[in-house]
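In the two complexes below, chain A is the common chain; its partner is chain B in one and chain C in the other.
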Partner chain A sequence: MDFSVEAALAALPALLRATGTNIAIAAAAMALALAGGILLTILRSLKIAPLNLVIGVVISFIRGTPVLIQIFLFYYGLPALGLQLDPLTAGICAIAFNSTIFISEIMRGGLADMDPGPVEAAIALGLKARAIWGKVVIPQLLLRILPPLVNEATIILKGTALLSVITVVELFRAAQQISATTFRPFETMLAAAAIILVLNVLVSQFGGMLERRLAVRRG
Partner chain B sequence: MTLDLSIITDNAGLFAQGAVATVYISVAAIISGLLIAFPVALLRLSPRRVMSWPAVAYVELFRNIPFIVMLSLFFYGLPFFGLRLQPMTTGIVALALFGSAYFAEIVRGAILSVPRGQMESARAIGMSYLRALREIIFPQMLRFFIPAATNTSISLVKESAVLATLSVAELTYQGLIVQGQTFAPFEVFLATATIYWGLTALLAAGFRTSERRLGGQAQRGFSSRHRLAARYLSLEPEPRS
Partner chain C sequence: MTAPPVLSVRGLRKSFGAMTAVAGVDLDVEAGEIVCIIGPSGCGKSTFLRCINYLERPDEGTVRIAGDYIGREPAAAGGTRLQSARQLDRMRPRVGLVFQQFHLWPHLSALENVARAPIRLRGVDRSEAEAQARALLARFGLAAKAGRMPADLSGGEKQRVAIARALAMKPELMLFDEPTSALDPEVVGDVLRLMKELAEEGMTMVVVTHELGFARKVADRIVFFDAGRIAEMGPPDELIDRPRSERLRLFLSHFQ
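Up next, the complex of A and B:
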């Protein structure tokens, strides 16, 4: 069988349309994970021993098990607990939950590296905890952890392809469906790989640009 | 809602087979991935563009394409090059190459973490480049290398779950089989996850031991001088003075 460039090109429009789903899923998951990560970090900073113990176990579980299984647990497993989610919602929740944990761990590292001076000044000025978190700690923390956050965004984007296994029609599943009718799986997959490669490189480049922009403010 | 443990115990054989296959696949991919990573990293560090550029392209390709897509590229693509492999072999090859890209970046970072003077001195006293790497650079880079390589190895164990999409009979695939027979997804996937959890924990513990043997990492704690700020900046319980 010869390689057919036409087959790869013919698949592109449909694949590009399906990529919109990946972008939407990734954006939703990233937004949820960022909010979740901040909340979880603040919760952990309260240092409530039994709560932190439970959070510690959950962190270890999420970090120690494949995302694929976590997606299965959200989609196939949750109905057993009385929570039936459609594939798209279950998938977004699974990826967002996974990423919340990783972002909280990134934040833990970022906090440990931060200059304690501004926080001490804020405490000395009598700022309320809310203001210290919202106006002092979080803004500086986000600037500091921007590079790993961008990396996490690319991980999320790559993770969206896994949702094909729970029947979400995104890029990879679209590629499989096209292959099934054209019998050109290699060419179609190559086109799909090229699309997500470009997308990921764009996200990384955008992150790099953002980093340079904010470098001045980071000091 | 109660957990029906008999679903797990009745199918313990399948889970065990799957776990063994997952360990086999992971170990094979980790070892070959590490072996491929060293030449890739050395090429990447070369000052000559013709040598470093292919290594950069290799690393970026594998790091920016999702493994599930990469795997199916290998599955459908290798026959184009006259290579007809078993799905299991295809999976191991893909996982090893995928891992090698991440390992190569770690090796590169680790080599760069050793001060330049070390290589220059070794070369100055007449050591060959490879001998200087082996005897001077490698021993010093391990401190940096081992923690990062542990994380990537754990990622590979987790990523091996994707081989289930090629019907390779590893742990996730066996989980799907048991789920198809018992219709108890919650128990099945919780059990599958727990086995992965155990495997990755074992791997982490193994690497930690080797790290301790090599002198161990300095523990970074929050300085007691900044106990006030630690209310916000530390998630660890406050140290007793």
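Up next, the complex of A and C:
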């Protein structure tokens, strides 16, 4: 097979322009998922049995089905419930929802092996539940689960490629469109993959740096 | 009229499943008094301390801080009822608790550890709370460590920060749960000296400890806990030098 480096390079400028969409989708989804994960973790800690039962079913569904199907459900399924989202919004919501579930599972594990002592100290001082979550539990939890969170961020970034199936013009959709005119799908897709790879290496590096700088705060 | 005792405990009981940790304790501690609690491990002395501010909820009994009920109060219909979380949170700052394992907040600096609760709870603004925290830390020889994270502090320094954190709420009563048991021998003296200073300033203190030397020098009264009960109680010299019960004699013999 002849691999044309020129074809890959020629596709790059257009691909890089489309990459901004993936970065924006990933950033929005990660922010939503982090907020959602924290909220879900607090909800689950309230130990309201019927609520936790529902949450448990949702978790099994999200963990047990392909994210591609979840994206379809948000885009094609929600209109049946009277909620019509544009492709970009539906896609961000689907990825964020999926990731919320995984982050809440990461948080549950993090909470389970967190030292209860600092929380006891906060209770003893008379801090209210809200302050204890906000100032003691969540900051420590985030520091503790930073490595799996960074991992989740790379999964989200890769996952943005899936939004091409609901017509979001992002990196891989752009790659398909370019291939359709240049007849160089292999080179174009590989170039798109390389872009995501570079971005994810940067995310991992940034995560590692953050981890080192915050190490002293983990206690 | 005389002021009510700073701490007044009546009929306190606490079980964990089939295991009875505290089996009915009455104790009054007057203002400025230092009470040291000694006893074999597992005798319920730490649980008793944690029941005072309802970190553990006692099964029965009442606790009053300077006359005010904490955790459980008499109900109008007779008997007692549990206080709401809000009532409890209002009472808790009046009692400072120092833990064996310090339990500092690892993501906050020494200064923030001390200033955080006053900012949230006493309505003190940040700069004032930080000035107070700095003054407390300086008094404890930690002026240079204010910006350090707990992970960068030695055990003795952590415990001094923890004591400062509790004092920042200006409690009426300080509880110490084996405050030197997790420390290296060479820094135990620093922390004990600090506690002695507090005692001399008139702070009311209940100290669970294995440091008999400290108890003898500082305590007004020593309480010997055994099997969840106060087995013996009295002034240090009397209790340590002339134990009445065989159990206390045996316990003290381990320290010789």
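Everything that follows uses one rule, which is that the second predicted complex is superposed on the first by the 218 of 219 C-alpha atoms of A that agree within 3 Å, B and C clash if a C-alpha of one lies under 4 Å from a C-alpha of the other, contacts with A are read in each partner's own complex, and residues count from 1 in each chain.
Basically, contacts are C-beta pairs under 8 Å (C-beta built on N, C-alpha and C of every residue); 3 or more make two chains touch, one makes a residue touch a chain.
Keep in mind that this is a model prediction, so the values were computed, not measured.
Legend: residue contacts after superposition of the two complexes on their common chain; A:Ala131 is shown touching chain C, with no touch to chain B. Between chain B and chain C, B touches the greater number of residues of chain A.
Within the superposed three-chain model, A:Leu81 lies in touch with chain B and out of touch with chain C [touch as defined at top].
Looking at the shared chain after the overlay, A:Pro139 reaches chain C, while chain B stays out of its contact range. Looking at the shared chain after the overlay, A:Ala192 reaches chain B, while chain C stays out of its contact range. Of the two partner chains placed around the shared chain by superposition, neither chain B nor chain C is touched by A:Phe206. Judged by the touch definition given at the top, the superposed model places A:Ile123 against both chain B and chain C. Within chain A, the residues touching chain B in one complex and chain C in the other are 117, 120, 123. The part of chain A that touches chain C in the complex is made up of residues 115, 117-118, 120-129, 131, 135-136, 139-140, 143, 215-219. Within the complex formed with chain A, the residues of chain C that make contact are 53, 55, 85-86, 89-93, 95-97, 99, 101-107, 116-117, 120-121, 149-152, 162, 165-166, 169.
Looking at the complex, you find that chain A touches chain B at residues 1, 3, 41, 44-45, 47, 49, 52, 60-61, 63-70, 72-73, 76-82, 108, 111-112, 114, 116-117, 119-120, 123, 132-133, 137, 154, 158-162, 164-165, 171-172, 175-176, 179, 185-186, 189-190, 192-193, 196-197, 200-201, 204.
Of all the residues in chain B, the ones that touch chain A in their complex are 1, 60-61, 64-70, 72-73, 76-77, 79-80, 154, 158-162, 164-165, 172, 175, 179, 184-186, 189-190, 192-193, 196-197, 200-201, 220, 222, 226, 228-238.
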